[in-house]
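Pasting the structures here.
There are two complexes below, and they share subunit A, which is joined by subunit B in the first and by subunit C in the second.
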Partner chain A sequence: MMKRKNITIGLSILAGVLLVISLYGIFVVEPVLPAAQTGFSQKIFYWHLPVAILSFIAFLATLVFSVMYLIKKDLKYDVAAYCSAELGLVFGVVLMVFGMTWDYLAWGVWWTWDPRLTTYLILLLLFGAYFFLRSMVTERSRQATFAAVFGIIAALDVPVSFLSTRLIKNVLHPVVIGAKDSGLEPSMYIWLLLSMFGFTALYIALLLVKIDIENMQDSLRDVKDAIENGGK
Partner chain B sequence: MPAAYHTLQGRHFFLPTQEVISLEKRSKNRLVVVTVIILGLLAILLYSATRGGNNLSYFKTVTEINNDSTLIGKSVRVGGKVIPKTIVKSGTKATFKITDSKNQITVTYSGALPATFADNIQVIAEGTYKKKGLVEAESLVTKCPSKYENQPIVTK
Partner chain C sequence: MSATKQFWAILRKDLLLELRSKDVFTSTFLFSIMALVIFHFAFSPNLKDLTPVSAGMLWVAVLFTSLLGLNRSFVHEKDEECLDGLLLTPVDRPVIFLAKLAGNLIFLIVLQVIVVPIFALFFLGGLTAVAALKLAMVLLLGDLGICGVGTLLATISANTRARDLLLPILYLPVMTPFMMQVVSYTNALIMGGTAAVDMSSWLYLIIAFDIIFLLAGYALYDFVIGE
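Let's turn to the complex of A and B:
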């Protein structure tokens, strides 16, 4: 347990250091791009992409943990799935703030029904419903089973959203990495990768902390139940 | 046959152990069947969406609009590059031409132009296809590039 605490602290420090260095690179080292490349607001990109990828990873982790729960029926997988879904939602909301600010500055509107934006909004709504479903079922193992099944279905929107900009032609949302006529100046990749690693470390650290909190709450509830039942 | 209390999905049963094992098997089989059905539906959806030469698209190109006279009078979403020096502003109304480097089409738009709107910028206009070569836009969005390059210009 002591070792795990050290890993969490180490990852948190690593995340902080990497993200601060990436901020230095983004705002001090890299010049402001011309207006045709969305100018100053292009700097959102360096954090927008990693946050988006991490939200996808978090929801996919929920899928994996949910499958594990259904196979093994061990509540620790349900706790992990729940915690990862919560982090996915947090990253998703942050992503929406970044995205909407940027598309207001670059496209001229706060929101538009582009396939990527639409499928991503559906993803967030599905995971909103995931938490609603959890709160509706109190009996612990039934809650876990329902949540696992629904979590798997909800996470199936991750590949749909990811591929929406690639399979549908003539979309508004750009594909920067790995598409024709796209890409970055080599120096920009450094800051992008630094923020990518930084957010990954942050995600793992937050997941470990969140799982610990959930487990503590579970033990606390068990103790409470025992006291209540013992009193009768 | 040995019998005992068993917990299955949160409910307690007093059952022979053999019975419990078969119940657990049944619930696992059900899971596999449901998974296969969902994956099958997704595969059909993906197949039907990408079939027919990938005709899934968010906006139409200028050429696609120009070659399809059945679209006249209907609402369309067309994307293209603003041809330099074709922007004419009168009052709140702006008229300009966009191209996909093969064909061109005139777009009229009354409303606030996006801050990034300029010559050679990719735009997507949503509105009514009035007649051949004219789209009356109700909304206008500028498309941002997917390539970022350093240039020795540092201006805000």
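Let's turn to the complex of A and C:
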């Protein structure tokens, strides 16, 4: 347990250092791009992409842990799935804020029904439903099973949903906003990778902390139940 | 008792219950007609001709109406602890899934046989025979997807504290991408040859969704109902 605590602290420090260095690189070292490449607002990109990738990884981890729970019926997988989904939602909301700000600064619109945005919105709604479902079941094993089943359905829905939105857009409307082709310079990759590693460390650290909190809550509940049952 | 016999027994029970009470049919029928009337008044201030939005209206009506039926199919099982009784009998879980799915599918199809012509009368003013056949096909494919995933999610929600409150929250986001396909296809169908679009790609996606939903429902049902 001690060792794991050290890992968490180490990862948190690593995440902090990497992200601060990446901020320095993004705002001080890298020049502002010309307006044709969306100018100053392009700097959001350095954090936007890593957050997007990590939110996907978080939801993917939820899928994997959900399947593992259904196979092994071990509650620790359910705890991991739940914690990862929560982080996915947090990263997802941050991503939406970044994305919408960027859209507004670069193209003057807050929202557009672009395939990526639409898919992401549906994904967030699905995971909103996931948490509501969890809150509506009190019995622990039933909660875990239902959440795992819904998590799998939701995860299956996402790739097809992305495909659907693309298909509809391509047929009916021209894609208003072109592919975010930002023409990366080699030096830009360094800052992008630094942010990527920084956010990955942050994700793992947060996941470990969150899992510990959940486990503590579980054992607290067990103790409470034991007391209520008169120590039987 | 063979699986086929078990399947028929459960299906027959649901149909008999419905034939005697007509709860689901009456409520879903009235609900869908009311929905269509409200849609008319919601859109008519700006649109003289409602044909361009009629595909959307049809599917929203179908989707919301299906919620009523799906909820009903499990809530009444829970009320009198019938589901526990059903689970005590030596019936394979997938058979329960398939029988419930078939029941929901039949309710939905019977409803549509009556409501869709009324819809066509209200908003379309005539459809060619080929288009009508294609509409029937896409409705059937849509119903399959709706009932496949709906039966699974209705079982989940009936077994929670929120009961029928939970189903829309689980069901609507899962169905959204599916709706995009069926609405696009139906819209192209209703609007006729105006847009030279390749409708087959939507059709393939609808079929892909159906297969995914049915397989997922079939495979995951065992976990859900065992709890």
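The definition used in the following text is that the second predicted complex is superposed on the first by the 203 of 232 C-alpha atoms of A that agree within 3 Å, B and C clash if a C-alpha of one lies under 4 Å from a C-alpha of the other, contacts with A are read in each partner's own complex, and residues count from 1 in each chain.
The rule we apply is simple: a contact is a pair of C-beta atoms (placed from the backbone, for glycine too) under 8 Å apart; a residue touches a chain by one contact, two chains touch by 3 or more.
Note that the coordinates shown come from a computational prediction; the quantities given were computed from them, not determined experimentally.
Participant: Of the two partner chains, subunit B (first) and subunit C (second), which one does A:F45 touch, if any: first, second, both, or neither?
Facilitator: The first partner, subunit B, only.
Participant: Pick one for A:F56: touches subunit B only (first), subunit C only (second), both, or neither.
Facilitator: Neither subunit B nor subunit C is touched by A:F56.
Participant: Look at A:A154 in the shared chain and tell me whether it touches subunit B only, subunit C only, both, or neither; answer first, second, both or neither.
Facilitator: Touch partner of A:A154: subunit C, not subunit B.
Participant: With both complexes overlaid on chain A, does A:V32 touch subunit B (first), subunit C (second), both or neither?
Facilitator: In the superposition, A:V32 touches subunit B alone.
Participant: Figure out whether A:Y203 sits in contact with subunit B (first) or subunit C (second), or with both, or with neither.
Facilitator: Neither subunit B nor subunit C is touched by A:Y203.
Participant: Hey, is it subunit B or subunit C that touches more of subunit A?
Facilitator: Partner touching more subunit A residues in the overlay: B.
Participant: With both complexes overlaid on chain A, does A:L70 touch subunit B (first), subunit C (second), both or neither?
Facilitator: both
Participant: Which partner does A:S141 reach: the first (subunit B), the second (subunit C), both, or neither?
Facilitator: both
Participant: Quick one: is A:A106 in contact with subunit B, with subunit C, with both, or with neither? Answer first, second, both or neither.
Facilitator: first
Participant: Kindly list the residues of subunit A that each of subunit B and subunit C touches, one partner per complex.
Facilitator: Comparing the two interfaces on subunit A, one with subunit B and one with subunit C, the shared residues are 70, 141-142, 145, 149, 153, 156, 167-168, 171-172.
Participant: Under the definition above, what is the set of subunit A residues touching subunit C in their complex?
Facilitator: 70, 122, 125-126, 128-129, 132-133, 136-138, 141-142, 145-146, 148-150, 152-154, 156-157, 160-161, 163-165, 167-168, 171-172
Participant: Hey, which residues of subunit A end up touching subunit B in the complex?
Facilitator: 30-40, 42, 45, 70, 105-109, 112, 114-115, 139-142, 145, 149, 153, 156, 167-172, 174-176, 179, 181-185, 187-188
Participant: Enumerate the contact residues on subunit B facing subunit A in the complex.
Facilitator: 7, 9-10, 31, 34, 38, 42, 49-50, 54, 56-61, 79, 113-118, 120-121, 124, 139-156
Participant: How about subunit C: which of its residues touch subunit A in the complex?
Facilitator: It comes out as residues 149, 152-153, 156-157, 159-162, 166, 169-170, 172-174, 176-177, 180-181, 184, 195, 197-198, 201-202, 205, 208-209, 212, 216, 220, 223-224, 226-227.
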